[in-house]
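In the two complexes that follow, chain A is the common piece, with chain B as its partner first and chain C second.
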Partner chain A sequence: MITGILTALALFSLLAGRIPFLPLALLSAAGGLVLALLSRHHSHGPVVIDQLAHRSALGQASTGWKALVCCLLLVMALNIRHPAAALLLGLMAAVFTILGAGVPLGEYLSLLSLPLSFLLLSGLALLWGYSTAPTGMLSVPFGGGFLTVAAEAQTRAALVTARSVGALSCLYLLALTTPLSRLVSLLRRLRMPEVLLQLMTLIYRYLFLLLELHRTMEDAAASRLGYAAFPQGVRTTGKVWGGLLFRSLHRTRQYFDAMESRCYDGRLEFLERPLPLRGRDLVWGLGLMLTGLALMVFSWR
Partner chain B sequence: MEELLRLEQVSYSYDHGAPALEALSVTVSAGEKIALVGENGAGKSTFLLCCNGVLAPTSGKIYWQGQPVGRDRRSLTQLRQGVGLVFQDPDAQLLAGTVEEEVSFGPMNLRLSREETAQRVDRALAAFSLEDFRSRAPQYLSGGEKKRVTLADALAMEPRLLLLDEPASSLDPGNARLLEENLERLSSQGMALMVATHDLDFAWRWAGRVLVFHGGRLERDGTPEEVFGDAELLSRCGLAQPVLMEVGRLLGMTPLPRTIEELKKEWNR
Partner chain C sequence: MSKWEMSLLRLSALLSGVLAVPQTAWAMHIMEGYLPGSACVLWGALCLPFVVGGVLAIRRTAARQPRGMLLLAMAGAFIFVISSLKIPSVTGSCSHMTGTGLAAILFGPLHATVLGLIVLLFQALLLAHGGLTTLGANTFSMAVAGPVVSWAVWQLCRKGGVNRKVSVFLAAFLGDLLTYCVTSLQLALAYPSPEGGVAASAVSFLGVFAPTQLPLAVIEGILTVLIIMGMESYAQPELREIGFIREGA
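Take a look at the complex of A and B:
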């Protein structure tokens, strides 16, 4: 709800004065509403990302190649000098992720909504300034002076936001098609220190167990009317979190025992089957990069 | 029978607590089928963790194939390689991104060559018909499939003795039957099995030897007939007579039927 209102406000100030009032107001309201609706299921976000990555049609593509393509696209997105080109690049990556890698549109948008609203909100800080006179595209009297939105601020905020959105969807192309274990093994080949890799693997794995434990405990509390009214809800939340701490400490011991029982000696390694670079992966990767490059060069002129 | 594991006067207490195991002595020989029974908190799980070297006994000694097991890395690795442990909660055990990687964790820790590791993983996956799940994420499998993966985990280390902590506790009847078939197969291949269970009918039908735990003590170590024939022991340790044994007794059968099939055969004669 708050996300929606703030998003609408950000959209409104971003485009104020550039398009007529009525369409602007409608557009902002629609944008806010869409984000508010999309951002309802976030507690399952990490699980959804992981499931999508495991099911992805690009799961068998070489991890190194995917990472290379996505990193280069990311660099391009950040160097584009026109908001429309950055958005186009982002759209291209998004369309490829949805059609090429088989990520359902609804899931994609829902996952995008959280960072997107965050981006728009930080856009607010870039947009609004303080001045003594009512200048710029928008101004609101405030404490003896005026809160204003300058035209340059709009241009700057639009570029920054568009670049971030572009970069974000490039990153999603990697994140939604590659399970973490594959990324870890890529990083291992790139000589990342072992202790970091182990931490990544273990934290990632146990994050999910913790989320599930949390959900179970919350459901159990809700079934006993723990959230029936606000004061009860606050109390229950505290108890659930306290219980979660206790249970997770207890479980840590179990997990470590289980690893010990299989001769764990400080090295967390698995048998990996290297994924060869296939022709079709080469084709889509090069296609995406060439288009990105063209967009970037075009935006420089 | 060749001796595998011997515990002598082993005691264990969790930090600051009452002893969870008290002066326990057991010898396990190759190829045995042992059921561990007793109430919740009787010490079965602690016993299994001690057998695998995860918990160090507070006092007493453990011998693996006649050799005393110390707390040094080498002898612990030797013990854990020889004694596999399957935990009750599969989620406590699963940690890799795919089933194949998951099963490879143990062999990788044994510092085997890549080829040997790959072969062992293949054999373990085949043993539990998990080939099709090879590149699936173990977290998203069903309960029965997860259990099979954890069995393959242990099998890939090619242990001589396999410990299972309430393996059927979260399985539906179909998967429980499958598990029993798998246990039967492992046992026919000469692997010694030790299963902690609350399913007394299973213990009666399957085990060749039953260990009764009560309050951290080993109350009885005997054949199923001895253990389940002792009414006083059963009531003291919160156990009951297996249904088939009771039926067999009512019908005056000797020997007492272990399975429905045996009962039918006796009945029809």
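Take a look at the complex of A and C:
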């Protein structure tokens, strides 16, 4: 609800004075409503993205190529100088992720809604300034002076927000098509320090175990009315998490024994099927990058 | 639950009741694409010495006791899990904590930096929270500045003989608070306000996020105290192993 109102407010101050009042008000209200509806049921944890990545139609494409394309697209997104071009780049990446990688549209939008509301909130800070005279596109009397929205602040906020949306969908292009374990093995080929990679591999494996364990503990606590009131809720959360940390540290003893009995000597070795660069991956990657490059160069003029 | 804890809880409930805006408040990270390229590179470069130091420290730990590696990994997974879970706050809002204060208290600031870096990378890729281009800036605020302050406060309080719970609370609370201030400053440096410059812009970013971040810092402090207390009563051997409790203490 509040997300919707804030979104509407951010959209309103972003475009105030640029388009007539009635369409502006309607647009802001509609934007707020859509985001409020989308962000209502975002109960997705890390499991959702991980599952989507494992199920992706681009799962067999070369990891290095996907990472390269995504990173270059991110660099382009940062260097675009016009909001429309940044949004177009984002739209292109999003359409490709949805159609090319087979991510369901609903999931994609709901994943996008959360960072979007945060983005618009930061946009408010970029938009509103304090001055002694009622200048700019909008101004509200506040404590002896005025809270104002300057025209250049609007331009800048629009550019920053659009850029961020564009970059986000480029990030999703990588995150929703590539399981994390594959990225870790890519980092290994890039000669990152071995301890770092080991930690990442272990953390990635433990994370889902802990999530499962936590759900069980939380259900048990909830069924005993552990979250019935706010002070109780904080206390229960502290206890559940303390128990979780204890149980997880305790488990490492068993894991270590199991690993040591299989000759663990400080190195984790995994066999992996190499993923060669295929022709069609080359085609879509180059297509995306060339379009991105064209958008970037076009936005500079 | 002692009288003192009860009053602490009451105070926190009051504070969040006054301040909490009922909306989704992620532990504050800078979103993907929000910073210009030069700022991304700059903050990444600033983190580098801490990350290298952390990797060296962890390598030493791993060489000394191979199980230390697993304990660290488990702690990293734990930080990720709690930073991806809701913590209770009033009016149905949900917030998330950083957890790096806890890691700094348990393992020290250098280990916390590396754990924080990995957690941030995983958050960007598994939760779409934060981002790859802003990884450097987020690492600096959440995994370098926060843990260093948490650890310093924790050491100071221990030297000064402050009550254990108070010092854990202060360490986690101030660490979280500093993370939020540094993030606001990073945003302000990248986007100074047209009239007032960096300072005015910093105030405006601090103001926009204060309603969610202040109660969050208080709650993070309380939860860290509760977690450490719980572990001290049940997990003495594990705490001894990571060197949190000295032998014979």
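Throughout what follows, the second predicted complex is superposed on the first by the 288 of 301 C-alpha atoms of A that agree within 3 Å, B and C clash if a C-alpha of one lies under 4 Å from a C-alpha of the other, contacts with A are read in each partner's own complex, and residues count from 1 in each chain.
By our rule, contacts are C-beta pairs under 8 Å (C-beta built on N, C-alpha and C of every residue); 3 or more make two chains touch, one makes a residue touch a chain.
Because the structure is a prediction, the values reported are computed rather than measured.
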Exercise. After superposition on the shared chain, which partner residues are touched by A:121: those of chain B (first), chain C (second), both, or neither?
Worked result: second
Exercise. Between chain B (first) and chain C (second), which, if any, makes contact with A:180: first, second, both or neither?
Worked result: both
For this session: On the superposed three-chain arrangement, identify whether chain B or chain C touches more chain A residues.
Result: C
Exercise. With the two structures laid over each other on chain A, which partner does A:164 touch: chain B (first), chain C (second), both, or neither?
Worked result: second
Exercise. Taking the superposition as given, does A:254 touch the first partner, chain B, the second, chain C, both, or neither?
Worked result: first
Exercise. Now for A:79: first (chain B), second (chain C), both, or neither, which partner does it touch?
Worked result: second
For this session: Examine A:245 and indicate which partner it touches, taking first as chain B and second as chain C; both and neither are also allowed.
Result: second
For this session: Please work out whether A:50 is in contact with chain B alone, chain C alone, both, or neither, and reply first, second, both or neither.
Result: both
Exercise. Between chain B (first) and chain C (second), which, if any, makes contact with A:71: first, second, both or neither?
Worked result: second
For this session: Determine, under the contact definition given at the top, whether A:295 touches first (chain B), second (chain C), both, or neither.
Result: neither
Exercise. In the superposed arrangement, what residues of chain A touch both chain B and chain C?
Worked result: 50, 180, 202, 209, 251, 255, 259-260, 264-265
Problem set entry | chain B to chain A touching residues, read off their complex | 49, 52-55, 73, 76-77, 80-81, 84-85, 87, 89, 91-98, 100-102, 104-110, 114, 117-118, 121, 135-137, 139-140, 153-154, 157
Problem set entry | Complex contact set, residues of chain A against chain C | 1-3, 6, 39, 42, 45-46, 49-50, 71, 74-75, 77-79, 111, 114-115, 117-119, 121-122, 124-126, 128-131, 150, 152-153, 156, 160, 163-168, 170-172, 174-175, 180, 183, 193, 195-196, 198-200, 202-204, 206-207, 209-211, 214, 227, 230-231, 233-235, 237-239, 241-246, 248-253, 255-256, 259-260, 264-266
Exercise. Which residues of chain C touch chain A in the complex?
Worked result: 1, 9-10, 12-13, 16, 21-24, 26, 31-34, 36-37, 40, 55, 58-59, 62-63, 66-67, 69-78, 80-82, 84-85, 87-90, 114-115, 118-119, 121-122, 124-129, 131-133, 187, 191, 193-196, 200-201, 204-205, 207-209, 219, 222-223, 225-231, 234-235, 238, 242
Seminar exercise, completed: The answer for chain A against chain B in the complex is residues 50-51, 54, 59, 179-182, 201-202, 205, 208-209, 251, 254-255, 257-265, 267-273
